[in-house]
Amino acid sequence: MLESLKEEVFQANLELKRQNVVIYTWGNVSGITEDRKYMVIKPSGIAYEKMKAEDMVVVELETGKVADGKWNPSSDTETHLVLYRHFPTLRGVVHTHSTYAVSFAQAGKAIKALGTTHADYFYGDIPCTRALREEEVKEAYERNTGNVIVECIEELKLDPLAVPGIIVKNHGPFAYGNSPAKAVENAVVLEKAAEMAFRTLLLNPNASMEQYILDKHYFRKHGKNAYYGQKSQ
Amino acid sequence: MLESLKEEVFQANLELKRQNVVIYTWGNVSGITEDRKYMVIKPSGIAYEKMKAEDMVVVELETGKVADGKWNPSSDTETHLVLYRHFPTLRGVVHTHSTYAVSFAQAGKAIKALGTTHADYFYGDIPCTRALREEEVKEAYERNTGNVIVECIEELKLDPLAVPGIIVKNHGPFAYGNSPAKAVENAVVLEKAAEMAFRTLLLNPNASMEQYILDKHYFRKHGKNAYYGQKSQ
Amino acid sequence: MLESLKEEVFQANLELKRQNVVIYTWGNVSGITEDRKYMVIKPSGIAYEKMKAEDMVVVELETGKVADGKWNPSSDTETHLVLYRHFPTLRGVVHTHSTYAVSFAQAGKAIKALGTTHADYFYGDIPCTRALREEEVKEAYERNTGNVIVECIEELKLDPLAVPGIIVKNHGPFAYGNSPAKAVENAVVLEKAAEMAFRTLLLNPNASMEQYILDKHYFRKHGKNAYYGQKSQ
Amino acid sequence: MLESLKEEVFQANLELKRQNVVIYTWGNVSGITEDRKYMVIKPSGIAYEKMKAEDMVVVELETGKVADGKWNPSSDTETHLVLYRHFPTLRGVVHTHSTYAVSFAQAGKAIKALGTTHADYFYGDIPCTRALREEEVKEAYERNTGNVIVECIEELKLDPLAVPGIIVKNHGPFAYGNSPAKAVENAVVLEKAAEMAFRTLLLNPNASMEQYILDKHYFRKHGKNAYYGQKSQ
């Protein structure tokens, strides 16, 4: 089981590169075992070109200790762990520095739901967390990054599979899903949504979308009344 | 005849991808038989990479029922059908989420005719429809999307082959033409026109073009006095 | 001689495509024979992918008549002819619809000389012509497009090899040089200069450059005291 | 030793091209020998496609004279020499005309540190030098370009390996590092940081980042307490 998860996480990391949402080693994808005991994540600072499935690092969910693998795990490992621990529906987590999403993070602004492209994947605005406080940064930066994400999702009463991404202030986007591949897809769409929202706001700072359009598009693709795609898929 | 139309629609869908106006499965092209009895359209949610000509779905124009094909047709099928039913000159329809055009859709603004690139393909502004009303969304979303497009074209007294594209508010562009391939070309140019208009408006919010320049460029390429290109083509 | 010029013009047209300053058939390059009797230009509306050197069209400079070739010449032929007739130093002319340059054309604004990238190729602002008047458009559109370019260059007392490009209002850029290849290079740099100027103006609407920096960079690469590159090249 | 440095500098120049931060011959990378007696730099105005490792030019650091090589060295050679002479920790220097960075140079604005992507590589704002004065341009343009860079770094009391890049007003970016390859990486990241800052400022002109976040990210990757990446790398 771990071998196939390593392969899945490895492929999801390569897909990040193919979709042009990372340069160099600026991104990481993780997945989790069925029993939620182990997380598999990209090693830290290894070039995508040289990476193999066997380089993926296995980390114990509860302790954060490396259970298997010769490399250090991604420096963002603690953030991923916090998300898996708090949200039992998540099976894949992605972090990137994709440029439009980072621009919203640096501006400290949510990516507003302004159209159906956004609504097809995200049921509402993609929120922006508060900045970490100085003591949070110093004490346990990566863990507290996870904690402000959790705090933001809970304050807004969001289902992380219904709004499967967030931006961390002054930092960048995290996306998630029910598999590593789906989390990557959400990270790619989050970047597209940011690109579209950026230009929309320059054309019309007061742009908005009615709730009933958001509802329609989201539920066309999600939930028991969804009718997009093929039944057998 | 249906086999060759399936091939034509299939190739037009691939061209959308090659021209970078879609990612994932976010676009669809359809065509119509000579006798206008059947529409051929892309299946819903099938990856472009795996699609074959035989996967195209045949739908009866009048009833909207699938006449041939193992897949569900595009979820936007009803919108395409409305357009073919109302405008007998259309032989190809395209829908994309190309990013500049979507930005205008989200901003709720027409793509103004500001230069000759636009005028070579679109005889005037590319309009933006009104938003659908709540009851229209709930009753029959895709059909009513077609209806607001028809309403907008008729209110502005446009010939849909002379202004072969429109943007639906909060959603994105539809383009059309006298063949699936031409509809795709119009969708690509609509995106370029949006890109140029976006930047123009940032440089000069009051930019405009004289009607006689629009006339000249449009009729250089269209109608009985056209002189662009080769006679034999 | 004509065969080698056809090859040169053909290659220069392909380079336009490689440098991503044209899509579809939206651009054209011409060259002129040593004796300035014949201009060789791209045929009108022929796809770049299918074009061969032998498809280039030979036009008599004085009369504008096709002297050799089975196709219609570019619809912009008359504009090219006017430029060659007025400026005996030009040996290559290019027209594109490259997107940043078109945005300036649509905004009706010159591309200001704001930095050394611009100054390395263009000795001063890249001007924007006035719009053509209605009677000029109706009487002889392409010829009068050439005429407003000439009028603008002469009013500003520019040397067209020192400022080897211009933008025509509501239309797009023309670039020139002492060979078809050099004209293409100037068209590519004009687009880059437009891209940089566009963003500069969004960051600082009052941006400017001192004349002595413009002088330095331009004359580092041009004229008898130039010292950029290799003597033998 | 010189042969391997030539190869290193050659590969670093090619990487500039692969990373899309240069077009044509608009960039140059240099390196320096261990004993800091010789600088190896790209020749002036030679196309990247034709360049070989043996075309790299060897220049004496103290005198600026060519010690080996058949070509003229980059026209920016004197600027590189000044930087190596003043800052003994630099082992690679890069100059590009990458478009977002040039836009900041033309606007005369520093690239503010607004997020963690920036902070991972640059410990603070990437400064913009003052413009050169007329007499500085006329007397020794390239040398004085180096001098204003040195002046700016010293006035701001920066460590050039901690803020490994700068933008020269009306010109463009220079980046540096402890090897030619690292200098190129810094040039690529500088461009990304400029792209992100540009969009951030359009979304929120008052964007900023707390010093403690800058500290955290920079020191996560640099210095004796760094913990990003692999020990053995």
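A, B, C and D are the chain letters, set down in written order, and residue numbers restart from 1 in every chain.
Heads up, the rule we're going with is that contacts are C-beta pairs under 8 Å (C-beta built on N, C-alpha and C of every residue); 3 or more make two chains touch, one makes a residue touch a chain.
By chain, UniProt protein names: A, B, C, D = L-ribulose-5-phosphate 4-epimerase.
Owing to the predicted nature of the structure, the values given are computational and were not obtained by experimental measurement.
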Same or different interface residues for chain C and chain D, judged by whether over half of the residue numbers are used by both?
different
How many angstrom lie between the CA centroids of chain B and chain C, rounded to a whole number?
33
Can you work out the whole-Å distance between the CA centroids of chain B and chain D?
47
Find every residue in chain A that makes contact with two or more other chains and list them.
202
If every chain is a node and each touching pair gets an edge, what shape is that graph: line, ring, star, complete or other?
ring
Provide the residue numbers of chain D that touch chain C in the complex, in ascending order.
23-24, 26, 43-46, 71-72, 75, 97, 99-100, 102-109, 131-132, 134, 137-138, 141, 170-172, 198, 201-202
Quick check: in the complex, which residue numbers of chain A touch chain B?
114-117, 185, 188-189, 192, 195-197, 199-200, 202-204, 207, 209-210, 212-213, 216, 220, 227-231, 233
